[in-house]
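Several structures are given next for inspection.
One chain, subunit A, appears in both complexes that follow, with subunit B as partner in the first and subunit C in the second.
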Partner chain A sequence: MRRIAGAAVTLLLLCPAGAWGNFSLPPEPPPELYGNLLIRRTWGTSRVRPATFSHWSHRRKYTCRVCHSELGFAFRTNATEITEAENREGKYCGACHNGRTAFGHEEAHCAKCHNGNLGYGKEKFSELKGLPATKSGNRVDWGKALEEKRITPAASLSVEPPSDIAYDKTLTLKAEWAFVPPAIFPHKKHTDWLECGNCHPEIFNIRKKGTKQFEMARILKGEFCGVCHLTVAFPISECKRCHPTMKRSQ
Partner chain B sequence: MRRRTIARFLVLLGFLPLPGFAPSIQSGIRVTLEVRRACAQEGWREEFDAVCAKTDIAMTLSRDELSDRIGRCDRLTARIEAEEESTRKVYLRRLRMCQDLYRFVLESKPPPGR
Partner chain C sequence: MKKWLAVVLLVPLIATVAQAQTGTKKRRALPYEYGGVLIKNFSPGAGLAPVQFDHWLHRAMYTCRLCHVDIGFGMKANATGIKAADNMKGYYCGACHNGKMAHGDRKIFAACATKSDGQDTKRCSRCHSKGESVKQEYDFAAFTGKFPKERFGNGVDWEKAEELGLIKPVDSIEGISIKRPALAVQKDFAIGTKVETMPEIIFSHKKHTLWNGCELCHPEIFAGIKKGSTKYSMVEIFEGKYCGACHLTVAFPTTDCQRCHSKPVR
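Showing the complex of A and B:
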């Protein structure tokens, strides 16, 4: 009996808490709500309802860099101080929502964004049917859709479109635990959507070689890959897309 | 004498169609200032685009080129700081991202002679 208890204790000590299989992955919303968010910076101090934003409806037309680099939207929700006046001046949402490219800031359109409804516009989700499918997130393989030119999002609004980023090295990152196969990081798949400055050095400041810092626990807290792969890009429950030699997924 | 009268008449004619010429002069000055401001903005916008629109080539730049770009970002920061609030907010953030990337790439490059 003592031997069994001893073996159990040893086993527990050997397997770090939160090891593979024990990760508590965040609950996933329905496909049409994945990547949707409410911008509620002034909610509580003003009577204006939070503005709804759907990533899936925008990423069909623009790459991530357009908003998160060119227009200055931070990756964190509510981290950007967007004002109505600035929108009307053509900044932030107003760069497109000007009545020419997309509906403008006239009173008739207020409720299209300021409705406090995370699921607003979900009837348009059916337009994504026919795009390459996956099992999670929006159920759309956005990378593949781009590669196959099923979607052709613009990479720029005003600045000369960046040429194809030449750096396409795929990194292999050793996992924390011996029983987890390495993760891969294909730069190309990311630079198709983003530009270098989106990730370096703010999110990934890798001056020293080594991947110890990219722990899954920290990713799950929204750091590193978790900045996008918990909320907008394919969710981390799709283990095999980063750890391709992993035997099981989800 | 006749010429002077004609000149006066022409000057008067120029202002007559306006309900009051003082506001029109003011608006003229305002337009001129706006144009001047826009031109000044164009100046830094061009430099901003030249420095920051091509961050994708950061990896291929030499240490000297990276240092030069970092310096240009510093100079641009000073110029953008003189702009109105929302321009400052949007462009300074982008400029910081771009400068941070150049610094990061510079620091990641092996020092000369290694």
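Showing the complex of A and C:
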């Protein structure tokens, strides 16, 4: 009994150290696949192939808030209960994919999404050439492209937001380790694309004392900044974009 | 089991739970689900399905005040403890659902019964519908289709719907509500924010008293009636207190930040 208890205590003491030890960045797909995903909620029970979706082709024309706020798409693949019936009623994909704004739900178009091919439509990726460049993700600096009006994604589809929120505070977040310089968080760059409610209070609960929980280990698990900055927004391998005074970056 | 071991194992566990912030996103309620309440104080014990109550249908026909002040429904799901016996005596749901009262030209069906013949079982499941395959009399999409649109919640701008006369919520019931002359309300005012550069809130008493009177909020939710005497934060609102008593689950949700934080920063 005493031995088991001892082992349990040792394990508990080791746990936090273990969490910090595991600090490998996720493998990054090629630029034309970054932010692509396969929606396969009913795969296995239905014979329809998983639907392919590319963020880069959509974010050129629509801000994140259009789909993730107005249309109610969740932030996790397969977490949204999209059905064909709802699409046909003009919900989810069907809000645009209705045969007017974009191709509709006619039989001829099925395979444009339901093809199970993560790289579908990659020949169009070359259209992004000429947009401000970065070294990772889609190799596109989407924020700069928006600022310079090289892309003009829509902010809403049907119901206009009352106004842009005027809040533009840049936060400085102390890093968890003493030798890592602080991270900066510019609200404005985020509200250009997102609603406040996209992040608050579920992802970031707005408590000041809560900020010390945004550890890299949890971000790497897809929490906090990692909800977007692992798979869609610029990847966290671009250390200096958040920790600007960091000496060495990958 | 040794006591010290239990303590050693429990302390980190409690600490973890206390600081748990998931940092991920929950599923958002669909427009027809928003404002839905599952009432199950006594139904499971009575062998009945929980009651699925939809605010969208009731608020289109009655003011908030009528149910939450005059009839006395609490503002938290399952806080009221509604009993079939009370409904049958004309309290709670039974205030309207008595088989006698009418809304427009429709008679409102009676809630709850002591005996059950075949017909009654069917009637039970009109409310005790969770998990049952019941065809609802009102379809959300058809019912709200013509209403002005809003970004969140039910996707309906209820305020505008009333302005346009598309809904005319009833504010009093004969024999239950006591009619008193309305109090004069304060003008719209700004509520300061704690965070610098965050736009201030424009609060309109006029918009709130239309459906709520004074009593829905004062003195229980907002104790102080003098401006500035009740201090509260956004964190508390997100926890369901103050504005969050309504604006998380039924009234337009807090995700619609700019609808309150609307005063331009000078």
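The rule we apply is simple: the second predicted complex is superposed on the first by the 224 of 250 C-alpha atoms of A that agree within 3 Å, B and C clash if a C-alpha of one lies under 4 Å from a C-alpha of the other, contacts with A are read in each partner's own complex, and residues count from 1 in each chain.
Keep in mind that, in the parts below, a contact is a pair of C-beta atoms (placed from the backbone, for glycine too) under 8 Å apart; a residue touches a chain by one contact, two chains touch by 3 or more.
Since the model is a prediction, treat every value here as computed from it, not as a measurement.
Participant: Assess the superposed three-chain arrangement around subunit A: do subunit B and subunit C clash, or do they fit?
Facilitator: After superposition on subunit A, subunit B vs subunit C: clash.
Participant: Quick check on the superposed pair: does A:A85 touch subunit B, subunit C, both, or neither? Answer first, second, both or neither.
Facilitator: A:A85 sits against subunit B, while subunit C stays out of touch.
Participant: With both complexes overlaid on chain A, does A:L71 touch subunit B (first), subunit C (second), both or neither?
Facilitator: In the superposition, A:L71 contacts subunit B only.
Participant: By residue count, which of the two partners contacts subunit A more extensively, subunit B or subunit C?
Facilitator: Looking at subunit B versus subunit C, the one contacting more residues of subunit A is C.
Participant: Regarding the shared-chain residue A:Q213, is it in contact with subunit B (first), subunit C (second), both, or neither?
Facilitator: A:Q213 sits against subunit C, while subunit B stays out of touch.
Participant: So, A:G222: does it touch subunit B (first), subunit C (second), both, or neither?
Facilitator: So A:G222 only meets subunit C here.
Participant: Does subunit B (first) or subunit C (second) touch A:S46, or do both, or does neither?
Facilitator: After superposition on chain A, A:S46 lies in contact with neither partner.
Participant: Is A:Y167 touching anything from subunit B or subunit C once the two structures are fitted on A? First, second, both or neither.
Facilitator: both
Participant: Of the listed segments of subunit C (27-35, 45-53, 81-89 or 171-179), which one clashes with subunit B in the superposed model?
Facilitator: Clashes occur only in 27-35.
Participant: Which parts of subunit A are in contact with subunit B and also with subunit C?
Facilitator: Residues 69-70, 72, 74, 89, 159, 162-163, 165-167, 195-197, 201-202, 205-207 of subunit A touch both subunit B and subunit C.
Participant: For the complex, give me every residue of subunit A touching subunit B.
Facilitator: Those residues of subunit A that touch subunit B are 69-72, 74, 81, 83, 85-86, 89, 91-92, 159-160, 162-163, 165-167, 191, 195-198, 200-202, 205-207.
Participant: Under the touch definition given earlier, write down the residues of subunit B that touch subunit A in their complex.
Facilitator: Per the stated touch rule, the residues are 49, 52-60, 86, 89-91, 93-94, 97-98, 100-101, 103-105, 107-108.
Participant: Applying the document's contact rule, which stretches of subunit A touch subunit C when the two form their complex?
Facilitator: Subunit A residues touching subunit C: 1, 5, 8-9, 12, 69-70, 72, 74-76, 79-80, 89, 156, 158-159, 161-169, 195-197, 201-207, 210, 213-214, 218, 222-224, 226-227.
Participant: In their shared complex, at which residues does subunit C touch subunit A?
Facilitator: For this pair, the touching residues of subunit C are 2, 5, 8-9, 12, 19, 21-28, 30, 141, 149-152, 195-199, 234-235, 238, 253-259, 261-262, 264-265.
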